[in-house]
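Note that chain A is present in both complexes that follow, paired respectively with chain B and with chain C.
What follows is the complex of A and B.
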């Protein structure tokens, strides 16, 4: 198990990572997700040993590795730009860590290439500069796995690949994680990758972990507005709380029609500031059929392939909202631009949330 | 005339001016060199028409003992200068491009300062310094003086190469378990070797052709450039253009190699 306690990194007066605690089970696939500049790469570099923490401790299976050098700790980092050695062949790249660590290489290179789905006969003697992006990514992965690290750290290594290849490699990474007894810690700003691949998810912003849990938990129960907006396309309705008692709140919203009371607890949770509803939990219909809704004007209907995005504008407040509906729904109602309608949803799908730090 | 053709006239005119400028630059640069080379093949004591071809001056230059000793002194200066300034320049380039440290930008300015100093003043200053410090004059002071001037140029050439290397490459190697020696020997130096070789060639050519610094510091030694200068001022002989042309051929060849290496590494 990898355990970080009060891990902190300061650059002068800037705090890049602020007192982070976490535990990651051996062999699991953990993802650290957050926007650019949130401190996730700094955190990963501290785990790899390339940055020394200002304070805090990193333990691997009970052994303190906070101050061990990158060479001596059983972690391996796959860089965003892959950082392959351009003057070496595929086999020489993979052999580099084996030689550097004084290990025996017999048959290892072939096995590693097969693990990353590259044919050893075809690729072993190729110059890495002659490879495509996806192939380079696979070689970087094989090179990092060459000395059997306990923890593989991945710094957005799929970011520069095209969408189809990203999907394919995401699947292969999860398969590889299941195959090996290696812990994968993946850093990304892409929520989609995080949801697809991970067992454990850490949402990080401004150097702190805002929420942790399984992808499903975080998707279903975001703790605040930041996480909700980050986790999925969502509409946000600012609210004023009129009354708060017995784990419930009563709100005041100038245009929201229908229910005005929601469960909200526990008592020490910060005052809620908004209602959040995901785009695909809402529909736009000419009349109010659900328990909650808001009168809007249709601004645009965009065909997304399997669904349609209906963009609407609040009649009174000039705020814009989006509803993601099936194509059948849209054609049944025959929504067109400038139609008056209601953006509406089932109250159960409403997240009542505090604002969050950011 | 419409507005449209008016506008297209401006870029045409500026392209024309640019080509004209290029032709003038080449003409000014090449005419003296070309006349020197033509003169070196003319049989007359002073270059005059009609032109009569000979290789006599080249053979005289190659057999003259004073030229041989000048070449010998020049080589005894140029080779150590090449080695020293390549080492110092490469170290400077690696420090500047591959590490971050406080005052990095000041380091660059100070390191490159000698290039922007007029050579004649640099030579004079060095000469005074050689006297004050008791270093004196001769081969060693000439080597030191030229190294001071040439190292920053090597640093500049190697930096171009080193900047092109993936900024994470050393970190990647360290992460894979390599020690510092392995990182340099197997990763960084092989990746910038073309830059180092072109830097070394530049260093040799600059030292080979240097006049001002060496003339102040050489003491009683005579190098190729000081020999030519001496002959120009006291008793011109057609051996001078022949020798000067030979220097030019060597420099041109070496620079060509350097350019080819740079092209190969940037591919």
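What follows is the complex of A and C.
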């Protein structure tokens, strides 16, 4: 198990990572997700040993590795730019960590290449400068695995690949994680990869972990507006709380029609400031048929292929809200621009949330 | 592939004759008109004089005005025979030139590599002033700098005074081959240092991090990553220094005091004192050939695509 306690990194007066605690089970796939500049790469580099923390401790299976060098640490980092040695062949790159540990490769290079789905006969003696992005990615992965790390750290290694290749490699990474007894810690700003690959998810912003849990838990129950918006396209309705008692709140919203009372607890949770509803949990219809809704004017209907985005404007407050509906729904109602309608949804799809830091 | 086939392969076949001719013109056109001024300048200032020297080199001894029809290989014969037999001045010239160039290259490398490595990786403070201090001598005329050395090294000069003041009676090295090498090392050192410095500083830091990450200690990081990746700088630097030292004339003339004959000083002597232009020209052509061969052979060992791929490309 990898355990971080009060891990902190300051650059001058800037706090990049602020007192982070977490535990990651051996062999699991954990993802640290957050926007650019949130401190996730700093965190990863501290785990790899390339940065020393200002304060705090990193333990691996009960052994303190906070101050051990990258050379002696059982972690291996797959860099965002892959950082393959350009003057070496594929095989020489993969042999590097084996040689550095004073071991003999004894056919391991072939096994590793097969593990990352590269044909050893075709690729072993190629120069890495002749490879495509996806192939370089695979070689970088094989090279890191050749080090036989307990923990494989991945710093957005798929970010510069095309979408189809990303999908493919994401699946392969999860399969590889299941095959090996190696912990994978993956850093990304892409929510989609985080949801697809991980057992455990850490949402990080401004150097702190805002929410942790399984991808499903976080998707279903975001703790605040930041997480909700980060986890998916969502409409945010600012609210005023008029009454809060017995795990319930009564709200006041100038245009919201329908229910004004929602469950909200526990008592020490910060005062809620908004209702958040995902685009695909709402529909736009001429009359109010669901329990909650606001009167809007249709501004635009965008065909996304399998769904349509209906952009609307709140009649009173001039705020814009979006609904993602199936193409059938849109054509059944025959929505056109400038129609008056209701953007509406059911209360169980409503997240009542505090604002969050950003 | 012949030129014709090459051009054909670049021209689509499913277009009519006129378009085809147009496409052909565009294939033969230089990549950009922007290089035309450079080409004209080089043609005028490099190709012209070289052609004259080649023509003069096949003229009979002491020709002053060209008579192309009246050609002979006498000058070359004299040089080749002299060099092979080691008779006359040619044996000494060859030995001196090769010794001076080779030793200058080796010494300049030995001095530059550690300094370039330190400047590229270790030195943080005062890096700019140090680099500027290394460049400034290049703004000063070689003659002035070499005269400085003469005044420094000459009998009862500054060196003797300093040595004497601490009770040393060091024999002055002025007018020896060592003095000439000292001068060439000093003058051409930046040509070794900067290519090495550049090649080390363009090594992506993340490669060293990756090496450390994969268990490599400092020695392995240096031997397996930094050293091979700085090879292009070492090769280019060595080529510069070797070739420039082959042609070093002022250093040999002044610090050798007219007693150390090198290829360049001998060419200068043939053109000047002995007024034997064809012999000087033939020697110049020989030196040029050696230089070109060295350059081509050495540059072929560098992987230019690897160098071009540095700096963020993947």
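Following the convention adopted for this analysis, the second predicted complex is superposed on the first by the 358 of 358 C-alpha atoms of A that agree within 3 Å, B and C clash if a C-alpha of one lies under 4 Å from a C-alpha of the other, contacts with A are read in each partner's own complex, and residues count from 1 in each chain.
Everything that follows uses one rule, which is that a residue touches a chain if its C-beta (ideal position, glycine included) is under 8 Å from a C-beta of that chain, and two chains touch if they have at least 3 such contacts.
All figures in this text were calculated on a predicted structure; none of them were measured in a lab.
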{"item": "Partners on chain A (chain B, chain C) - clash or fit", "value": "clash"}
{"item": "First, second, both or neither for A:133, with chain B first and chain C second", "value": "second"}
{"item": "More chain A residues in contact [chain B versus chain C]", "value": "C"}
{"item": "Which of chain B and chain C A:76 touches, first, second, both or neither", "value": "both"}
{"item": "Partner chain(s) touched by A:37 [first = chain B, second = chain C, both, neither]", "value": "neither"}
{"item": "Touched partner set for A:160, first chain B, second chain C, both or neither", "value": "second"}
{"item": "First, second, both or neither for A:86, with chain B first and chain C second", "value": "both"}
{"item": "Touched partner set for A:101, first chain B, second chain C, both or neither", "value": "both"}
{"item": "First (chain B), second (chain C), both or neither touched by A:144", "value": "both"}
{"item": "Set of chain A residues, in rising order, touched by both chain B and chain C", "value": "48-50, 69-71, 75-77, 79, 81, 83, 85-87, 96-97, 100-101, 143-144, 146-147"}
{"item": "Contacting residues of chain A [partner chain B, same complex]", "value": "48-50, 69-71, 75-77, 79, 81, 83, 85-87, 96-97, 100-101, 143-144, 146-147"}
{"item": "Chain A partner contacts - residues on chain C that touch it in the complex", "value": "204, 206-207, 209-217, 220, 224-225, 228-229, 303, 305-306, 309-310, 312, 314"}
{"item": "Of all residues in chain B, those that touch chain A in their complex", "value": "166, 168-169, 171-179, 182, 186-187, 190-191"}
{"item": "Residue ranges of chain A in contact with chain C within the complex", "value": "48-50, 69-72, 75-77, 79, 81-83, 85-87, 96-97, 99-101, 129, 133, 136, 143-144, 146-147, 160"}
